[in-house]
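Next, two complexes with subunit A in common: one pairs it with subunit B, the other with subunit C.
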Partner chain A sequence: MKKLKRVATYLFLSIAALVSIFPFLWMLVSMTNKSVDVTAGRLLPGTHLFENLKVLFGQVDIASAMWNSTIIAVITTFLTLLIGSLAGYGFEIYRTRGKDMIFNILLLSMMIPFAAIMIPLYRLFGRISGTAPFIGIDTLAAALLPTVITAFFIFFFRQNTKMFAKELVEAGRIDGLSELGIFFRIYVPTMKTTYAAAAIIAFMNSWNNYLWPLVVLQSPEKLTIPLLISNLGAGYSPDYGVIMTAIVIATLPTALVFFFMQKHFVAGMMGSVKG
Partner chain B sequence: MKKLWFLAITVLSILFLAACGGEESGTSGDNGSGSGDAGSGDETTTIKAWAWDPNFNIAALNIAEEQYDGDVELEIVENAQDDIVQKLNTGLSSGTMKGMPNIVLIEDQRAQSFLQAYPDAFFPIDEYFNKDDFAAYKLEPTSLDGVQFGLPFDTGVTGLFYRTDYLEEAGYTHDDLVNITWERYVEIGKDVKAKTGHDFISLDPNDLGILRVMMQTAGAWYVEGDGTTVNLVDNEPLKQAMENYKAIMEADLVKANSDWSQFLAAFNSGDVATVPVGNWIAASIEAEESQAGKWAVAPTPRLDIDGAKNASNQGGSSWYVLNVDGKEKAAEFLGQTFGSSTPFYEQLVTEVGAIGTYKPASESDAYATPNEYFGGQAIVQDFSEWMADVPPVNMGLHTYAIEDIISAEMQNYLKGKPLEDVLADAQAQAESQLR
Partner chain C sequence: MSELTKSTNVQSSLNKKTFVQRFKKNYIGWLFIALSVVGIGLFYFYPMVQAFLLSLKSGMGANLEFVGLENYARLFNDPTFISALTNTIIYLLVQVPIMIVLALFFSVLLNDATLKFKGFFRTAIFLPCVTSLVAYAVIFKYLFGVDGLVNKLLLNLHLISEPLNWLSDPVLAKITIIAAITWRWTGYNMIFYLSALQNVDKQMYEAARIDGASAIQQFFYITVPMLKPIILFTSIISTIGTLQLFDEVMNITAGGPGNATLSISMYIYNLSFEYTPDFGYAATVSYVIVILVVILSMIQFRVAGDKR
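Now for the complex of A and B:
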């Protein structure tokens, strides 16, 4: 009976694992096949990989799209962590009248879908373009600025700060550290796992961000990776083999970031749940 | 108490935002004339164009630039079609023309919704080309109140692509498929299926595009000629189209597909015998090299109605000039290439395989070149002949909204609900929804 239960458990887990891994497998296999074979549902690796790579690199400037995406993602991640953690720290450590109320309003802003603020935002950047072209429409800065400060990360850091021993702050003050000094020398090193988890989420969000970069970036040389992939599928007879190749290349950086930080990520997420 | 404060501040801020919004939208018309990036000062003007297919409409722009001798430098930006719609909507509704291109390609079915929502954003181009040179059915969707805003580009003229080997096996020749009705098409389908075992057509149950193809052969649509009056209940062409659709379903002639790649697979794999869709599918059929010489194209079947033509249309798009700096240059560029140049269309058809809607070009030699994949048939010439026959329709703004209703009712019809009731119910729903 116990054995049967065990078999059933593993069977279920195997099926679940297969279901979640299958799309990735299919993506990898399709990368090596011709478009016609992909549409025909071929599941065996083919010999078309180099052909697909050649077409991909010949047809689009995937290197510059990778570069744009990387720049945007790295800067966004850095700023998000800095601003989000400063704000989350502030909300939790300092006592101010009405801070909970401000925090609640902040949380409410999470409920507003991006599509609803997109047009005013575009208008805003359109206006800025006249006086400050370096952050106006069709600049990488415009693509990343609206995504830098989000209520989610402030909330995330505040929740995790609840676990942070407040005595350390007191100790820092007694030893004569400035408030910023306490933050950078004590808080940041102690909260490494939280930062790692936040970094992964911020990086992935930014890497996969589609709608806003689509609207605000106009020049072909400023395309990000998701936009480039969307363009590959744009024609009346898309080459699915080439698209799959591009998707595999586009997935690599997020996969790498995740694998490098996986340990911290899990610890960080656990922390936020416990908090 | 605290909660009350919270509530009060939230409500106040929402009201404040709403008030700002109202005020802003009042002034938004003013900056409509905006600041496109297109040139001032320089001798050669840079013209920005948005299009979506590098093997098709973007290739066409490149040929046009190559042939054009004016001082224009073209900057082509490739975007997926849905992305262009999203970007245009965001840009135009925000009221800033900043970042908008000079030239944009818009699908004919969507054109009216842009023209009617943002009439000031587009530049009239009547004076830059002679619209009588173009297929009549293209002019309705590309103009507003008699003013021409779009320069007609590719045709979506349909054809009945079929597998010659399957049809021969069942005893049919090309002539058996010429000038037939959809009823006859279904009969042939049953026969072919019985004799060869192959399905006859591939359809996506969620996409009723085939109904539109059938209706347009009789010059009808879901709406009347004004583009707004819902016309379902007494719409004889629609009635016939739905009967044919049901007949196809009931005779089990269909290999169902649920997306584009499955649709492509249905004929690339050799599963279905016919593909009655727009001529743009030719490239996807030719992608399966092993089937070379086994395909041909017959005219589209028509509805059994007086005046119905063996020609219909599915898709197609046109060029629009936005009302930003450089618009005159952009319009001149379009007018002298896409608008009036037969050599341009010759090069377009030989190099890209794309068929325009410019009528004088159809007499050129390039159009008569036989296509070896289709057994030596001069398919381009055939398509351009059928194109001239496509009955014009006013598609209006609500094609997809109405089709969603029809789609739901179609299921009831297939289950046995009488057609009169189906159409009456659909009519009532559509009228209340679109009021």
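Now for the complex of A and C:
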């Protein structure tokens, strides 16, 4: 009986693992096959990879989509970490009743569905376009600005600051550091792992963001990777091999981040619930 | 001057100094949080207010005029809105429980200390989380196509005699969307449960076993109650996520066939950017999501609170 249960456990987990991994294997294999072979259900690697890459780079401007996505993700991650950690630190270290109240109000924004604010945001950036076209509709700045400041990261950094030794702040003051100096010279270096976890989450969110860029970016040369994949996938006579190649290229950065920093990744997820 | 007044003077100047210091610290503290407060005000709360004001107006494009609650009345007679709402609620009622039960089940299996290849299973089941929603949606669209691999597999297993129209049958299309979301998010929830299980005292299971409790009884009387806060947390996260469902529907079925898979978020998008733009009515529909998020989160808190 006990043995049977063991076998059932392994069987069940194996099926779950296979189902989870299969789409990845399929896209890796399909990237090397012709479209007709993919449709025919070929599950073995082929020799068509180079051809698929050539067609892909000839057909769509995937290089500039990669560039746009990278620029947006890097700037978003940097600003998110900077602004979010300043606030998380500020709320915890300079804690007052007034700030706690503001903090709770900011947290409420996590409940606001993006679809509800999408239209006013679109109109807001439409109005900005008139006076400051460089951050208006159809600019990378507009695609990233509303995503930079989120209550989630403020909350995340505040939770982690609770574990930061506050004596270090006093020590810094005695050493004559300014308040901002304490933050940059003491807090930031000691909280490296927190920053790493936050960076992964921020990067992934930005890299995968779809709805807002879809609304705000219009010209073909401004497309991000998810927009490009979506356009490819919506075509009437899709070339499966080529699309799978595009999807693999699009998934590669986040997959690499995941494999090399799995621990930080999970820590980032958990950071939102502990404490 | 007496010693007494002297000491009071020192005292008051000390007080004054700490007051100034406290004020200065407090003031610097506000500077640390200022950017975030302004940002969240500008990009979340201000648009929320704007969306509400918009929902009281109607018209095409920029020509909006005040119509009061007319848009809200229009909701009840709008068949597209009613199917979008129904679909979203179906996704919610079917998908979230399936996913949470599966995730709980996996996490209990993986929490066994004697299990081999634990790391492999955990990583594999968590792996779907690294894909972008658009990328996996496109993959699922092809997997569930008429000549896709899912049909080939079912045909080979002789479970069906001819290919199923997964994406163009109203019921099957919903099942496809639900299967896709479950694939993407089960591992994500599992990680939360796994880490919570590590904090459950092993001796409780030991004691339960000695008392003759079966594995199923242990699950319902120890695991579920111990994990209740995290189950509540994940179900609220999933509920909010499902109410905002957009990427998958857009890229797997585009809302079709008919409006059989249309979600509320996608309807808002269509009203604003696909059809002749009616921002006022779109904002009204978006407020439905806000109201649903608030009501459902409150219900979930209440339910979880009562059983304690």
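Brief remarks follow.
Criterion: the second predicted complex is superposed on the first by the 237 of 275 C-alpha atoms of A that agree within 3 Å, B and C clash if a C-alpha of one lies under 4 Å from a C-alpha of the other, contacts with A are read in each partner's own complex, and residues count from 1 in each chain.
Criterion: a residue touches a chain if its C-beta (ideal position, glycine included) is under 8 Å from a C-beta of that chain, and two chains touch if they have at least 3 such contacts.
All values derive from a computational prediction rather than experimental measurement.
If you put the two complexes together on subunit A, you find that subunit B and subunit C bump into each other.
In the superposition on chain A, A:36 contacts subunit B only, with no contact to subunit C. With both structures placed on the common chain, the touch criterion links A:137 to subunit B but leaves subunit C unconnected. In the superposition on chain A, contact of A:120 is made with both subunit B and subunit C.
Of the two partner chains, both subunit B and subunit C are touched by A:215. Which of subunit B and subunit C touches more residues of subunit A: that partner is C.
When the two structures are aligned on the shared chain, A:101 is found in touch with subunit B, with no touch to subunit C. Of the two partner chains placed around the shared chain by superposition, neither subunit B nor subunit C is touched by A:190. Judged by the touch definition given at the top, the superposed model places A:59 against subunit B, while subunit C stays out of reach. Of the two partner chains placed by the overlay, only subunit B lies in contact with A:237; subunit C stays clear of it.
Clashing C-alpha atoms between subunit B and subunit C appear in just one of the listed stretches 25-33, 223-231, 349-357 or 385-393, and that stretch is 25-33. Applying the stated touch rule to the two superposed structures, the overlap between the subunit B and subunit C interfaces on subunit A comprises residues 38-39, 41, 118-120, 122-123, 211, 214-215, 227, 230, 233-234, 240.
Remark: subunit C residues 25-26, 28-33, 35-37, 39-40, 43-48, 50-51, 54, 106, 109-110, 112, 115, 120-121, 123-143, 147, 149, 152, 183, 187-188, 191-192, 195, 230, 233, 240, 243-244, 246-247, 250-251, 254, 264-265, 268-269, 272-273, 279, 282-283, 286-287, 289-290, 293-294, 297 touch subunit A in the complex. Taken together, the subunit A residues at the contact with subunit B in this complex read 35-36, 38-41, 59, 100-101, 104-105, 108, 118-120, 122-123, 126-127, 129-130, 136-138, 211, 214-216, 218-220, 227, 230-231, 233-237, 240.
Every residue of subunit A that touches subunit C in the complex is listed here, in rising order: 9, 12-14, 16-17, 19-21, 23-24, 26-27, 38-39, 41, 83-84, 86-87, 89-91, 93-96, 99, 102, 106, 109, 111-124, 145-146, 148-151, 154, 179, 183, 204, 207-208, 210-211, 214-215, 225-227, 229-230, 232-234, 238, 240, 243, 247, 250-251, 254-255, 257-258, 262, 266, 269-270, 273.
The part of subunit B that touches subunit A in the complex is made up of residues 2, 5-6, 9-10, 13, 21, 24, 28, 35, 48, 52-56, 76-81, 83, 86-87, 90-91, 93-96, 98-99, 101, 261-262, 264-265, 268-269, 280, 283-284, 287-288.
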